[in-house]
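Order of writing sets the chain letters: A, B, C and D. Residues in each chain are counted from 1.
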Amino acid sequence: MLKGYTLPRTPRGTSSLAPTPPWHYVGNALAVEFEASPVEAAAFMPEGLELSSGRSAAYFIEWQYTSENGEEYLDPVRSQYRETIILLSAEYKGLPVAYCPFIWVDQDISLMRGLVQGWPKQIGSTWITRSYDLPSKAAPILGPGGKFGATLSVKERRLIDAQVTLSELAASLPSPSFASAVNVRYFPELATEKHDLPAVHELVQLKSRDVKISPVWKGEATMSIFDHPYLELPDLRPVSVTAGYRFSFALTVDDLVHLCDLRTGM
Amino acid sequence: MLKGYTLPRTPRGTSSLAPTPPWHYVGNALAVEFEASPVEAAAFMPEGLELSSGRSAAYFIEWQYTSENGEEYLDPVRSQYRETIILLSAEYKGLPVAYCPFIWVDQDISLMRGLVQGWPKQIGSTWITRSYDLPSKAAPILGPGGKFGATLSVKERRLIDAQVTLSELAASLPSPSFASAVNVRYFPELATEKHDLPAVHELVQLKSRDVKISPVWKGEATMSIFDHPYLELPDLRPVSVTAGYRFSFALTVDDLVHLCDLRTGM
Amino acid sequence: MLKGYTLPRTPRGTSSLAPTPPWHYVGNALAVEFEASPVEAAAFMPEGLELSSGRSAAYFIEWQYTSENGEEYLDPVRSQYRETIILLSAEYKGLPVAYCPFIWVDQDISLMRGLVQGWPKQIGSTWITRSYDLPSKAAPILGPGGKFGATLSVKERRLIDAQVTLSELAASLPSPSFASAVNVRYFPELATEKHDLPAVHELVQLKSRDVKISPVWKGEATMSIFDHPYLELPDLRPVSVTAGYRFSFALTVDDLVHLCDLRTGM
Amino acid sequence: MLKGYTLPRTPRGTSSLAPTPPWHYVGNALAVEFEASPVEAAAFMPEGLELSSGRSAAYFIEWQYTSENGEEYLDPVRSQYRETIILLSAEYKGLPVAYCPFIWVDQDISLMRGLVQGWPKQIGSTWITRSYDLPSKAAPILGPGGKFGATLSVKERRLIDAQVTLSELAASLPSPSFASAVNVRYFPELATEKHDLPAVHELVQLKSRDVKISPVWKGEATMSIFDHPYLELPDLRPVSVTAGYRFSFALTVDDLVHLCDLRTGM
C-alpha cells in the first residue's frame, strides 16, 4: 500500500515531493501595484472569469515553509524559496476576485504544491532586497526613505526589474490581493486523441487560514517588464505604476473551494 | 479562449511550461544493472503491478529535447537536461514491464512533461562523464577501457555514485528498460475532505515511436546509494551490481496507453 | 588606460568583478562554537601562526553587500550571498588571533573580494533558517526556544549540518571572532619552474571599520561534519560543541595590515 | 608545512581549489568570427599590446578537465564546465597575438585556474547545442545543414545569443585563436594607500602542449550582444559577422611565459 500526497508514492510516504497539508508559510513581500492594458489583460481571463479593471499587482516574496510536523525550516533548502506572482483584477459571478496569469518559484516542492492549487507555476529566479535590524549602507531601512529592489529572471533572461521607495504606513494591502484568488487546476491527457481534453480542468477558489499580516509600508515604485521571445508577460506591461508596498505575512493552506468543472461547465 | 497544453494557459499559448506533443528526445545514457532486495523492491509496487524479480537498473542520461516546431535546441537552456531514473522489474497481468519508483531531472519543462506521463519526477542534479571525439587524458574513450562516472544529488545531498568501465559491445540494452515502462499518473485534490481521494490516479503504459539506439557498450560497474533522512531510495540499494552500459538513444513521445483507473479499479 | 580594481580591467572600469573598496556589508549570522582536536587543528596553521587551543567556531551568514556608490543591493543578485566560515584560535607573536582554514561563498564577486583579503574562498552552498517579524509555525522566534538550522554543501555533497536552540542573550560574541582574523594572501606562479614559488604569499591582518553588532542570542547547539573524499574539513570535526549564537552585524572593509612576506620571512 | 597550489592550503594539500599543474582539457567549441568596431576594441588593449584589426571571435565551449592524477572526470561536477571567451586581434612587439577582454565560466575551479593564467574570468552561464551520434529531430547533425546555438547569461541577464549553420569543412581555425593569447595577470593590494598599486600586474603569454584538433566545420553565423547596465561587452558588439565554426580540441597547460612586469615596465 503506497503512501504519499503527491508522486513519488512510496512504502513509508516520506519521499513525496509535497507532503499532505496543512502547509504553513511565512514571507517577506515587496509588491508593485500597476495598471495593465485592460484589453491585453482581458485576453488572459479563463472561462468563468471576467476582467474587472486593469488594476494589477506584482508580488516578490521570500518564503519559508513547513509542513505540519516536518520542521523543514531546520533543513532550509527544503523550506525556503522565492516567488514572483502577477495578479489581475477579475470578477466571478459579479464578485471581485484575483486571477494569476503567471507565477515563478525556485524550488520543486513549491512548484508541486502550486500545481495542486491551480497556480500556473514555472521555475524562475526572484531576488529581493533585504532590510536588516542594523543601520548599514548595504541595506535599506524598513521605513521612510528605504529603497528596495526586486528582479525576476526565467531561463536566463531578465523579465522584471522593480524598485520601491517606502514613505509611509498604509491602511491596506495592495490590490488585487491573494485573499480572493481564483485559479484554474489543469492536468492534461497524453493519449493522442485527448491532447485537448484534460483530465482536470476546474475553476477553484483558494482558501487560507491563520492569516497574519505585519504593518504595511507603502511608497513610490517603478517596474519594467522586458521583451521576451515566447513568454507573454510583456502583454501585461505597466501602463502606469500606482504604488509599491513592503510587508510580511503568514498563512496556512489545507483546503480549496471547487467553483466549476470547466470540462462540463458544472 | 486560452491556449496551451499545460499551465500557464494564455492568449497565444506560447507560455505553457510544456507544449503540445509530439516531444522529440535524444540522449547519451550511462546505465547500471543491479539486484535490489526483492522484499524491499516489492514494497514499492503500485496497485496493479507485481514485482517479478530484484533485477533493477539506474539510468543517468544527458538529454536534448525539442517540440514539433519549436527548435528549442537552438536556445539550449530550454532543451537540455540531465536525468537519473531507477527502474524495477515488474509484471502487469503476467506481462513483463518496468516500474519507476524514483526519477530526478534538472529542468521544470522536463518535470512537467514527466508528471503528465506519470513519471514521479523531482528536481535533482545528475552529472555524467562525457567522451569526446579526440584522445585526451581528460576523457574516457568510448570503447574498451573507457571509464565513466555518474552522480546524483538531491537538495544538496549526494545520493548516488556510479562508475562503469567499458569492455565490449553488448547484444542488448540493460534490463529493465524504458520500452515497457508502466507509470502511475497521480494528481491530488486539496479540498480538506479529499486529501486521500486524488483527482487522477491511473495506471498507464508509456508509448514511444521512432526509437533509435546506438551500439551498446557494456562492462563492469560499481554503484553506491548513500543514506538519506527522508528519501527512500536507500531501500533499493544494490545487493549486487551486474553490469554497466553506455549508449545513445532517440525517441518521440505523443501518446500513452490507459491501463486502469486506480480510483475505481477499472 | 584600463581601469578596474580587479580583472577584467576595461575602458570605463565598470566591468571588474570587484570594485574599488570601501565594501559595505550587513549580515545575519548563525554561529556554532566548538572544540576541534588541537593536534588536527595545529596542522592547519600557516607559517607565522601557532594554534592557541582547540576552541573553534563555524559561522553561517546571509550577507548583503554594496560598494561605495553602487547601490548593488537594489539589483540583489549582485549584492546578496551566503557564506560558511571556519575559524581556529591562533597566536601571532603571542597575540590572540583567528585563522580561517576554510570558507565557502555562493557568488563570484564575494569570492574575488575574499581572495584579495586572503580568505581561502571556494564556491559552496549555505542555507540558514530565517526568523520573520510574525509568529508562524514556519519560522523560529528570535528569542528563547527559537530553533535555527544551517547547512553547507560543496560540489553536491552535504558537508555540515548545524542546529542552534536559543535560550538567552549573551554578553559577548562567539570566540574566535572575525575581529582579529589573520589570513594568508596567496597567488601562485604558473611558469613551470615556479609552481612552488608563489608571486604573493604573505601573512595579513584584516581591518574593518564602522562595525555594528546587534544583541547576541545564545543557546545550545549541535553540529555534524560529514566525511569527504578530498576536502580536509572533517579533520576539524567537533570533539565537543560549546554553544550556538545568532546575531546580526555590519562592517566596512577598505584596508588590510601587512604582517609578513612569507616568501622572504620579512 | 601547508600544501596546495592555491588557497586553501592544508596539511595534505587535497583541498586546494586548483591542484598543481599539469591541467588536461578537452572541449567541444562553437565559435563566431566577427568584426568589432576597431575604435571600441582598441580601448580594451592593455599596456604593451596594440589592436591590429577589428577581427574578433567568440568561443562557446563545453569542457571536461582533469589534473595529472586526479581522474576528476569520474566525479564530473569537479571536471565539467562551460565557458564563453571573447578574443580580440592584437600585436605584441609587432607579432600577432590574441587578447581576451571578457571570459565567463560556471565553476570555481576553472575560475581559479583562469586567474592564475591571467584570464579575466567571472562566473557566467553558457549553453551550447549538442550533436549526438544518432539522427533526431532534437539535435543537429555535425555536418552540412547542422544548426547550433549558444547563449551566455551573467547575473541573470542574457548577454549573447549566437547561431551557426554548418556548411563545409574548413582548412583553419577561427581567428584570433587561443594559440597566441596574451593575458594580464593582476592581483590587487587592499592596504588603503595601495588600491591602485597591484601586487601582481604582468603581461604573460599562454603556453599549451599536446594540442589536438578535430576536423573544423564552418558555416554562416549570427550573433547578438544585448545591452547591459555595467558590463562593457556591448562595446564589442559585431559590426558584421564573418563565419561560424564547430570543432573539438584538447590541450595540456603547465607553463606560462612572462613578457613584461607592467608595474615596472620590465
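Here is the rule we go by: contacts are C-beta pairs under 8 Å (C-beta built on N, C-alpha and C of every residue); 3 or more make two chains touch, one makes a residue touch a chain.
For clarity, every value in this text was computed on a predicted model and none was experimentally measured.
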Counting one step per pair of touching chains, how few steps separate chain B from chain C? 1
At the largest C-alpha centroid distance from chain C we find chain B
Mean-CA-position distance for chain D and chain C (Å): 30
Rounded to the nearest whole Å, what is the centre-to-centre distance of chain A and chain D, using the mean of the C-alpha atoms as each centre? 40
List the centre-to-centre spacing of chain A and chain C in whole Å, with centres computed as mean CA coordinates. 35
Please list all residues of chain B that touch 2 or more other chains. 75, 77, 125, 127, 151, 156
So, in the complex, the side of chain B touching chain D is made of residues 24-28, 62, 64-66, 71, 73-77, 79-80, 125, 127-130, 132-140, 147-151, 161, 163, 212-214, 248-250, 252
Per the contact definition, I'd like the list of chain D residues that touch chain C in the complex. 2, 5-12, 14-15, 17, 20-21, 43-44, 46-47, 75, 77-78, 101-103, 107-108, 111, 115-123, 155-156, 184-192, 195, 199-200, 204, 229-233, 235, 253-258
Per the touch rule, the chain A residues reaching chain D in their complex are 125, 127, 151, 153, 156-158
